[in-house]
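What follows is a set of structures to go through.
One chain, chain A, appears in both complexes that follow, with chain B as partner in the first and chain C in the second.
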Partner chain A sequence: MSTEATTDLEKHSSPGRGGPPPDPSATGHLAGLAGARQAVRRIGFYVFCCLLLAFFALPLLWLACAPFDRTPTITASLPDFTLQNFDTLFDNPYAMRSLGNSLLLAAGTGVLVVVFAALAAYALSRVRLPGRDALLYTLLLLSSIVTGTAAMVPLFNLAFELHLIDSQLGVILVLTGGLLPSAIFILKDFMDGTPRSYEESAQVFGASPLQIVRHVVVPLVRPGLATIAVWSVAQVWGNFLIPFLLLRSPEKSPAAVVMYTFYTEGGQPDLALISTFSLLYSLPVVLMFLLVSSRYGFRFHGGIKR
Partner chain B sequence: MADISMAALTKVYPGGVRALDGIDLTIADGEFFALLGPSGCGKTTLLRTLAGLETASSGSVGIGGRDVTALPPGRRDVAMVFQDYALFPHMSVSDNIAYPLRIQKVPGATRREKAAQTAAELGLTDYLDRRPGQLSGGQQQRVALARAMACHPQVFLFDEPLSNLDARMRLEARTFLKRLQRELGVTTVFVTHDQAEALALADRIAVMESGRIRQLGTPAEVFRYPANTFVASFIGSTPMNLLDGQVAGGRIDVAGALLPVPEGLEEGLAEGEKLVYGIRPEYLGLAEGPAEGALRGAVRVVENLGSAQLVTLEGESGFVQAVVDEDRRLTPGEIGHAVPRRDRALLYRDGELLNRAPAESGPAGRPGEGEAA
Partner chain C sequence: MPTTSPPDAGLAPRGAGGQAGAAPRPARDRDAAGLGRPRAAAFVTPALLLIAAFLVFPALWTIYLGLTDYRLTGLAAADPQMVGLDNFTDALKDDSFSHSLGLTLQFVVGSAVIGQAGLGFLIAWVMRNRRGALRRLVEALVLTAWILPSSVIAFLWIALLDRDDGTLNAALHTPGTAWLLEHPMLSIIVFNIWRGTAFSMMLYAAALGNVPPSHLETARLAGASGWQQLRDVVFPRIRGHILTNLLLISLWTFNDFTPFLLTSGGPEDKTEVMPVFIYKLALSNGELGFGAAISVLMLLINLVIAVVYMTLLRRRKEDAPA
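What follows is the complex of A and B.
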């Protein structure tokens, strides 16, 4: 099927392209051989791509099928269609509330990260500080430790001393601290890329530093801010460790932690509940990506002069 | 409307670069003033110091009789047009023009009305809703001018106002800019590295080199009587011929050619004294044959300038350039005799001009004066 398609395509395309038509008598046989070889190569390539795609698509396929299956297993199969699983999920006292909690944590962290990162990145980009770059790199290096497993115990102790155990604010603050260095690092690049004369121009007209940031800098780096916001929301949405560590009461736990509690009475993972919940859990992030990407498009144009 | 005064203005950057070195300068009310010089001479630093974007290391700046040395840019009542225009790309033309008024907390409706009015003066009415990215270079420049005009400042500062335009646009914009400045009558300081631009636009020019003013004068003065060899070689679309010579029997001996001493300088020249003889290519005529008091040389290069030709002669005094009539037929290798115009010849001793400029060009340097001289 694919062979025909290719040769067909070649037949159509060669005369139309305006180049000199190939001499059919002299090279006809040879060209046929080469064409066949090329077709075989192309088939091979597509088969390889399909296999690769299937490998990565299987989990997604499972996510699409299992929630609607009467008896979900860990294999992807055509579902015995039902919406029963959703009813069960909605009856679970923690499931829907946990999605709300996730939303709260993600939004709170997102806002804090964007605001602080924007201010810090602007300052770092515009004010000459000795050892500025070293500072940035050190922060970047340490940030992966702060929210990582290595700092689990000190983090817990710190939260305990500050009375931030079992507080969503505590989780937001810890996550913000962990995400800020990378966010500042990325945003600083955006800030560096905006010409200074815009700000100086506003300055000559009498704008205050905060006015300059609001009127000029923020609109110019809006794609960068959108990137940071989406990235931090996605990070928090998927974070399990920090809320698991710092939150005690199940009614405050976010979705990632609550999903961990979905077991049947027999101690087996409740696949029906897990798959259905996973579907709901992944939808907001996908929607957010689609929305932001359609509005801003994830363009990185830091160092390029526009 | 205001005059500008600078006293012993010095700017030293961290790292020890002395960008401004004791500048004393007064710019009259309503004057169109050019800061001219090669890159790195401190002209942009001077402009930015006037704007308040750089703080002076020492010395003072006054605008309209008010000491503004320590004031931030927003409170100096100046407007600056940047080299890249710095129009905010996310705002429409109308919002851009109205931006200074937005800072001054003028209500939205008044703001838009004012912007439309200013835009109309500059022929921008059709573009009010566009973004700067959708405009041509010349239109962008006019938007930048409109934005500067909208806040009615006491002083305009232009940083290389024409350098981002293509050659033809530049001529148009030059005429436009001069007319606009005349009409508004606002004191205007602009920076340029292009001597032709400075000569064409300014009422007065300050030629700068390494943080100092090398000459201050009207375009005619600066062109006709460059105070030193630096200014002489910098001003003029074709560089001035600066030839080493010495006084010999009431004449100047330049590599064997005996040239007449410029008018009024016969006194005070010592026999055998070493001087530099300066003559612009435009004031060198090519004689038909061997002539007295002519620089002799072989034609090396002939460049067509349109209505004239620039000829480079190679003689014993080195290379000499002359501008000759477009009809003159010249072949490379041919021997030419360049005769200087005596009333345009200049003499430099130790790099400083000996000729005295006629006294008629007034100190205020208003346009029209001195230009006929």
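What follows is the complex of A and C.
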């Protein structure tokens, strides 16, 4: 219906395209009305933008001000500039260690996800294994259904049975298992899109399959691997639930969990510490995001799981 | 048709593949490196083992646990008994479960379906013809809200909504309003809109890029109002994107644990959405069997959403020009 209508419209008005509409009946009054409407629309647009900016900026203000304020309070206000708060942060072994833990979890998970997903995706892309399509479909379905929140009870049990409670390895394995299906799916798509001719000519020159994978395929799909690495690191860096469930000792907890204990436990929160810690902890994701968007042009996190 | 719409390159589920418009690939499954099936199987195995252990097995175990009276401590911890479907019937009759389900529905519909999708579309629509600093600023702020770690975001909102010194009370001149205690559900709904609008905004911005500008222009020249343009020209073209968007954000919001960071489910149980409810029941109170039964119901709801989504995705892939 609507397509027909538009095609009709197209036919009638195509000569007018590119310039003002050739409207013979336009009078000064109508033009004035249109002008007023335009003005109202413009004002509406700017009001909308102001409200939007206020809504999205308001909660972030505190993060921009408090870390640099000599006497940080809960209220966002122009800071009485100082960098002293960062000394408080760097002197706090607990806070710095948690960032180290986050790094360890993110790097460990990132490496496992990239290596295993790349191997699996390459094999699935190039070799017709029986039941491949069904497998991919099931994997993607599973990864969206079995989320950390829906499976927290058995994940806790499983870690308990395997003596992986309070083990960082346990957290890494659980997170890797959760991220792998989407990573395989995205990478397989990526590898399907890369040409096979390089591999074939390498084969002609007598390279073994493993050599080809190492020296021809890996350089070819590096952008895909980088995307997956950044994506999985970002996922782990911000993840709260899994380490919160599986880790017991504060010395092993990542920044996400330690940050939470900063403001839920221990009476009066130390705002100098919380604000600088938040900033330092947020910085890597922002940097990674800027890197990815400048390098590859920002696309959505692929897959169904975020 | 006057124009052929370009295939929606770069949209969510395709990932980084960018295969739209690629040359036809006759030898789709050519084993170019001479890998061979045994080696290929060896390549796939480690990933599958991890997935089986930490994704498939927990899901199956959830179902098993849901059928037992397993508890974290006490007699039933040592020797859990099969109780069949009792947990499920108990859950469905339980007041706290239906209370939590109602809250979850409010949370998903209010913050995702209406809030994120509505605001995301509005931003994408208003900004569609703009290039420049204003648009970049808006997008940067909306995206920042999306990418920062949830622990940080949660504290920012706790600070914002603070009763005594919160920036919101200062801005609105409503001193002494304890937002998280007086309007807990509203708070986490607005919070989640703020947190997640970025995804919808980007998806709709990409979708609107596929609506040929000439169609909009001709509709406008023919005197169609803004709303008529939306209804007759835009919506029919981005129907698939809207559906994708709604399904994904509903799924994510339904499984979101972040409200816990803001309110821990309180005050009392006024913000106990499903994930928080399960956490408290199973891991704080130790009722693992009952908690698992509710997890199974959650898995089922996820399954329904995901199957609908994947079916749509498949249909769209088949419909796409070869």
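Keep this in mind: the second predicted complex is superposed on the first by the 198 of 306 C-alpha atoms of A that agree within 3 Å, B and C clash if a C-alpha of one lies under 4 Å from a C-alpha of the other, contacts with A are read in each partner's own complex, and residues count from 1 in each chain.
Just so it is clear, a contact is a pair of C-beta atoms (placed from the backbone, for glycine too) under 8 Å apart; a residue touches a chain by one contact, two chains touch by 3 or more.
Bear in mind the structure is a predicted one, so any value in this text is a computation, not a measurement.
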So, A:I165: does it touch chain B (first), chain C (second), both, or neither? neither
With both complexes superposed on chain A, which partner does A:L280 reach: first (chain B), second (chain C), both or neither? neither
Once the structures are superposed on A, label A:R126 by its partner contacts, choosing first (chain B), second (chain C), both or neither. second
May I ask you to decide whether A:Q203 touches chain B, chain C, both, or neither, giving the answer as first, second, both or neither? both
Determine, for the superposed model, which of the two partners chain B and chain C contacts more residues of chain A. C
For A:L104, using the defined touch cut-off, is the partner it touches chain B, chain C, both, or neither? Pick first, second, both or neither. neither
If you stack the two complexes on chain A, which partner ends up touching A:P219: first (chain B), second (chain C), both, or neither? first
Going through chain A, the residues touched by chain B and also by chain C turn out to be 197, 200, 202-203, 216, 306
Touching residues (chain side chain A, partner chain C) in the complex: 2-3, 5-7, 9-10, 12-14, 16-17, 21, 45, 48-49, 52-53, 55-63, 73-76, 112, 116-117, 119-120, 122-124, 126-129, 137, 139-158, 173-174, 176-178, 180-181, 184-187, 189-190, 192-193, 196-197, 199-200, 202-203, 209-210, 212-213, 216-217, 223-224, 227, 234, 237-238, 240-241, 245, 255-257, 259-260, 262-264, 274, 278, 281-282, 285-286, 289, 296, 298-304, 306
In the complex, chain C residues that touch chain A: 1-2, 10-19, 22, 25, 27-37, 39-41, 43-44, 46-48, 50-51, 53-59, 61-62, 65, 122-123, 126, 134, 137-138, 141-145, 147-160, 162, 164-168, 170-171, 194, 199, 202-203, 214-215, 217-219, 221-222, 232-233, 236, 248, 251-252, 255-258, 261, 264, 274-275, 278-279, 282-283, 288, 291-292, 295, 298-299, 302-303, 306-307, 309-310
Chain B contact footprint on chain A (complex, rising order): 195, 197-198, 200-208, 211, 215-216, 219-220, 222, 306
As the complex stands, chain B meets chain A at residues 51-53, 72-75, 78-80, 82-84, 86, 88-90, 99-100, 102-104, 151
